[in-house]
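Order as written gives the chain letters A, B, C and D; numbering starts at 1 within each chain.
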Amino acid sequence: METHRDDTASKIGMWLFLLTEMLLFGGLFIVYSIYRYKNQEAFHQAAHELDVVVGTVNTAILLISSATVAMSISAIQLKNKKFALFLLGTTIVLGLVFLVNKYFEWGIKIQHHIYPGSEVMAQRGQGDILFFGLYYFMTGLHALHIIIGLVFIAVVFARIWNDKISHDNFALHENAGLYWHLVDLIWIFLFPLFYLIT
Amino acid sequence: MENEKHHIVSYSTYLLILALLLVLTVVSVAVTQINLGTLTVTIALFIAGIKSALVLAIFMHLKFDNKMYAFMAIGVVLLIGIMIFITFLDYLYR
Amino acid sequence: MSSHSSSPEPSYIEYQGKYKGIFAWILSTDHKRIGMLYLYSIMTFFIIGAVLGLLMKFELIAPGKTVMEPQTYNAFFTLHGILMIFAVVIPGLPAVFGNFLLPIMIGAKDVAFPRLNLFSWYVYVLGIILVVISQFAGEGPPDTGWTFYAPYSFRTAGNMLPAVLGAFVLGFSSILTGLNFIVTMHRMRAPGMGWFKMPLFPWTLYGTAWIQLLATPVVGVTLLMVVAERTLNIGFFDPSLGGDPILYQHLFWIYSHPAVYIMILPAMGAISEIIPTFSRKSIFGYKFMVASTLAIAFVGYFVWGHHMFTSGMSGTALYTFSILTFLVAIPSAIKVFNWISTMHKGSIDMQTPFYWAMAFIFVFMVGGFTGLVLGSLAANVHLHNTHFVVAHFHFIVFGGTGFAFFAAMHYWFPKIYGRMYDTRWANTGLILFFIGFITLYMPMFYLGYMGMPRRYYDYDEVFHGGNIISSMGAWVLIAGVAVIIINLFRSAKHGPKAVADPWGGKTLEWTVPSPPPVENFEEIPTVTKGPYDYSQD
Amino acid sequence: MYSTTGIEASNFVSSFDTAFFSVIGISILLLVGITVLMLYFVFKYNRKKNKVAEHIEGNTKLEIIWTIIPTLLALGMFYFGWAGWHPMKNPPKDGITITTIARMWNFSYLYENGKQSAELVVPVGMPVKLKLISVDVLHSVFIPAFRVKEDIIPGREKIMWFIPQKAGVYDLYCAEYCGLQHSYMSSDLRAIPQEEFDKWYTDTTALASTVDESVPGAAGFVIMKTQGCNACHSSDGSKIIGPSYLGLWGKQHIVVRDGQDVLVTVDSAYIRKSIYEPNAEIVKGYQKGLMQSYDKVISEDDISKIIDYLKTLEE
């Protein structure tokens, strides 16, 4: 069967997929908003325990990485392969740095026995249990998306390297970018909801 | 089936938006460090709203693409909004 | 429209590709073969689910223990519900007839992403495998009912994880199918086929696809939370850890109410194809049919709370949901009226699919009206979680979607297999089926009204009479199903050859040979007329 | 007992009937009307009689009519449902309050004066408020004859109310699926005249007097029956959900305490702990979280009676 390329179709497809992702997190935002409403004080206090500096740094990292992906698409359109590769490489590095930060952030919390099911948690209020439960679940799911996004971008990187993606055939690149921006978008909301509602 | 025309966004636009986003991040951190009571959350979410609008419009090209995409994205945001609203009808009035 | 009655191209059935034997099917990206894969898998699970239903009816025929232990009964209705909902009626019409017919009906050679389409089927199979594992591995089958209500689903020893993950994976498959269909309809309609020249079945698939896309992720993440809660002790919905079990119900029904419209919309679409064809008449009020489809899809998102009227929501939420529930019935009303009006002044050819469509309209109304009863606050308080609800949803899920599935099966059978079935047997099957169906489920309304709770293994003597009648209905129903399935099965191999357009249908699928060639169309047709244009006849 | 004649069993019966029969009535009319119309069309416009179909595309006026009329009907149906339900949400100030404790798989009722009962005894003509408490999972109080139902949510207190209007014995079911014995989770509701109720209510000796103190363990047996222990524990050695009582006393077996296997001997201290803190030590091979604490429900005194009973089951 002859296959013809339909970039618009794959872009619509990607967008539809992003919509489902939005609803996936949308469900979590419902849970978050209800529990925050029911446990305002506890959420307020618990948020103090998260490190705003790490959060802010991670936000900045994601924003920059988002910009570099976006620019890499312009670069490929302008036939500047090297620059595109450089920008994508930067994105990947930044994404990894984000994950490393996350790893340490979680690590410290877990060292302090702040994780679901721990003794320390059991002694604290129910609001705290919910806050940290949501914290781990939502940032964890987000981190999973970062990992998927990184793999996706790595594939694009390789394909640009091999000239499979070029200025007239960059739908995949664009889609990877869209995915990465969505991950960023979600973080834009997670950040204030967990770190800033002090 | 024609494919849409591609708009090439200049690097400087992206950098400008990035700068704006970073500034907004700093602003939201700064604002929430002062205690404004319940207003804090509202402000933080408002700024997050602006940031996400920027990402959607420029980084994700909604501004330049076929309006259908913007329509879908806004529709979904509204849908989630209505869902949260209806769920709150339960919790607010219990 | 171009029409070739005989084509040199091999049909999709005979086509010899790279692979041989079964691999020619399970590795094929042809939307028609994928549709058939779904058909056979779904029929298998339908039969398994139906046998479970039958066994439950044996248990319920008398109070006390009849044939099984309570644990078995609880596991049975759980598996019955999971299979019937997630593996049969949700994929049902979209995955079988949608896959097979959508591209042909809009004049395309395939769906937008054929490989993704095949992948969806594998995801579906994976989901089923997980559900099957949940039955045999570990601590024994899950026993929570298909709703997995918290906090019982955290307490039970039953093997919840694979079952919940299975439901999650099945949802993922459903999302991918929906995504594929939307893109297909946006990008691949034949030249000249504007949105309002698209037949109604694709339209309903469009509405369905949006629900699949936007509602399924919510239940997905909810099920993930259940998994996290069971494995990691996060207290999302466990009251002893501060969680709120009602919130679980909210999230579950945010998906599962729209899901019931995933089941019924394509069913309505199929009926909307059948009635004009056999009435030789354009569908009455095409645009209103389209609008009501979209209205159901949209309003359907906001009525989920009617499953929770007694759970202790706030009064405000209760009557908001009640009023919205009544409003969502209006578009269904419009559809019924339009179907009936289509028959008015038609030239009605009484063939098997048309009989099925009539039966559908009747049972759908019974199911729909009893839905209204349940939507009424005061009535729901008494009837909630009784067999009245069980009767309502069997009438509308089995009666609605199930009848439409069989209607579609009899309508498109000649197209799919290129052969005709035996009409006499088909009609006999329908009559048995209908009688059995009514005898099986009607008494349940009465039982529920009398106060027999659902998911009851055992019951008081007062409910005995109704249950006997109901159980006997199931036997007649089996006879009907058996006649129908055996007839179709035999005819697929031995029936007389069918022509391209045996019913005089006007939509594009009738312009291609039966069974359709691999590429569907030799050349993509250019559409100039509306989908049900009988004005030339 | 279920009856629709004469005086209605509770104050909610008539509002249910209004809501139910208004919807059912309209529905049956429409159902019959539409079905007959369909059959008539099918008959009248059969291909055999009507060779050529008329070309009709639709009719906007008709569409509007059959959008508006059902909308009005539907809003009417909503109204009756709402009107019947509204009072259920607003319990009156007076009347008696009975704490209803639901657990897997029985109900027990605690009266304001401390009286405990396994059946729900209520006075006719007086508003009865049930304070609903669940100690484990979701349950639901369903009294078909009264047309009332309310789910019981662990971790939350809820109130449901009704006025019994006719003396009699009615069924009370659990209507929210709660596991293995869900269908056996029911109790009797006895509505009795006020005077009779007062007598019953003030008589706190009722339980003890029915027990023959001379039979060893009889009191313990009655307590356990009232508390519904038998839903999970058998006395004949078979495993239901919890271990059987048969041969339990004095036995040595392994329990899991803080994730470690420990060998314990079943003595009074152990039994006491099993009842007050069931999840501290889990008998190996059984599920955690099913049995809930009976702290403050069963007194120390009663526990010793239970132990007396268990002693009778030594092998």
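We take it that a residue touches a chain if its C-beta (ideal position, glycine included) is under 8 Å from a C-beta of that chain, and two chains touch if they have at least 3 such contacts.
Keep in mind that what you see is a predicted model, and the values were worked out from it rather than measured.
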> Which chains are in contact with both subunit A and subunit B?
Replying inline: C
> When the contacting C-beta pairs are counted for C-D and for B-C, which pair yields the higher total?
Replying inline: C-D
>> Suppose every chain is reduced to the average of its Cα atoms; which one is closest to the average of all protein Cα atoms?
In response: C
> Between subunit C and subunit D, what is the separation of their C-alpha centroids in Å?
Replying inline: 33
> Between subunit B and subunit C, what's the gap in Å when you average each chain's C-alpha atoms?
Replying inline: 37
>> Report the inter-centroid distance (CA atoms only) between subunit A and subunit D in whole Å.
In response: 46
> Among the residues of subunit D, which ones contact at least 2 other chains?
Replying inline: none
> Which residues belonging to subunit C are in contact with no fewer than two other chains?
Replying inline: 187-188, 214, 244, 246-247, 250, 254, 312, 315
> What are the residue numbers in subunit B that touch two or more other chains?
Replying inline: 1, 76, 79, 83, 87, 91-92
> What are the touching chain pairs in this one?
Replying inline: A-B, A-C, B-C, C-D
>> Quick check: in the complex, which residue numbers of subunit B touch subunit A?
In response: 1, 3-4, 6, 8-11, 14-15, 17-18, 21-22, 25-26, 28-29, 32-33, 40-41, 44-45, 47-48, 51-52, 55-56, 58-60, 69, 72-73, 76-77, 79-80, 83-84, 87-88, 91-92
> Which residues, counting only subunit B, touch subunit C once they are in their complex?
Replying inline: 1, 76, 79, 82-83, 86-87, 89-94
> In the complex formed with subunit D, which residues of subunit C make contact?
Replying inline: 70-71, 74, 143-145, 149, 151-152, 154-157, 239-240, 244-246, 279-282, 284-288, 310-312, 315, 318-319, 322-323, 326-327, 329-330, 333-334, 336-338, 340-341, 343-350, 358, 361-362, 365-366, 369-370, 372-373, 375-386, 449-451, 453-460, 462, 534-535, 537
> Which bits of subunit C are touching subunit A when the two form their complex?
Replying inline: 109-110, 112-113, 116, 175, 179-180, 182-183, 186-188, 213-218, 220-222, 224-225, 228, 232-236, 241-244, 247, 250-251, 254, 518-519
>> Using the touch definition from the top, list the residues of subunit C that touch subunit B in their complex.
In response: 187-188, 214, 246-247, 250, 254, 301-302, 305, 312-317, 320-321
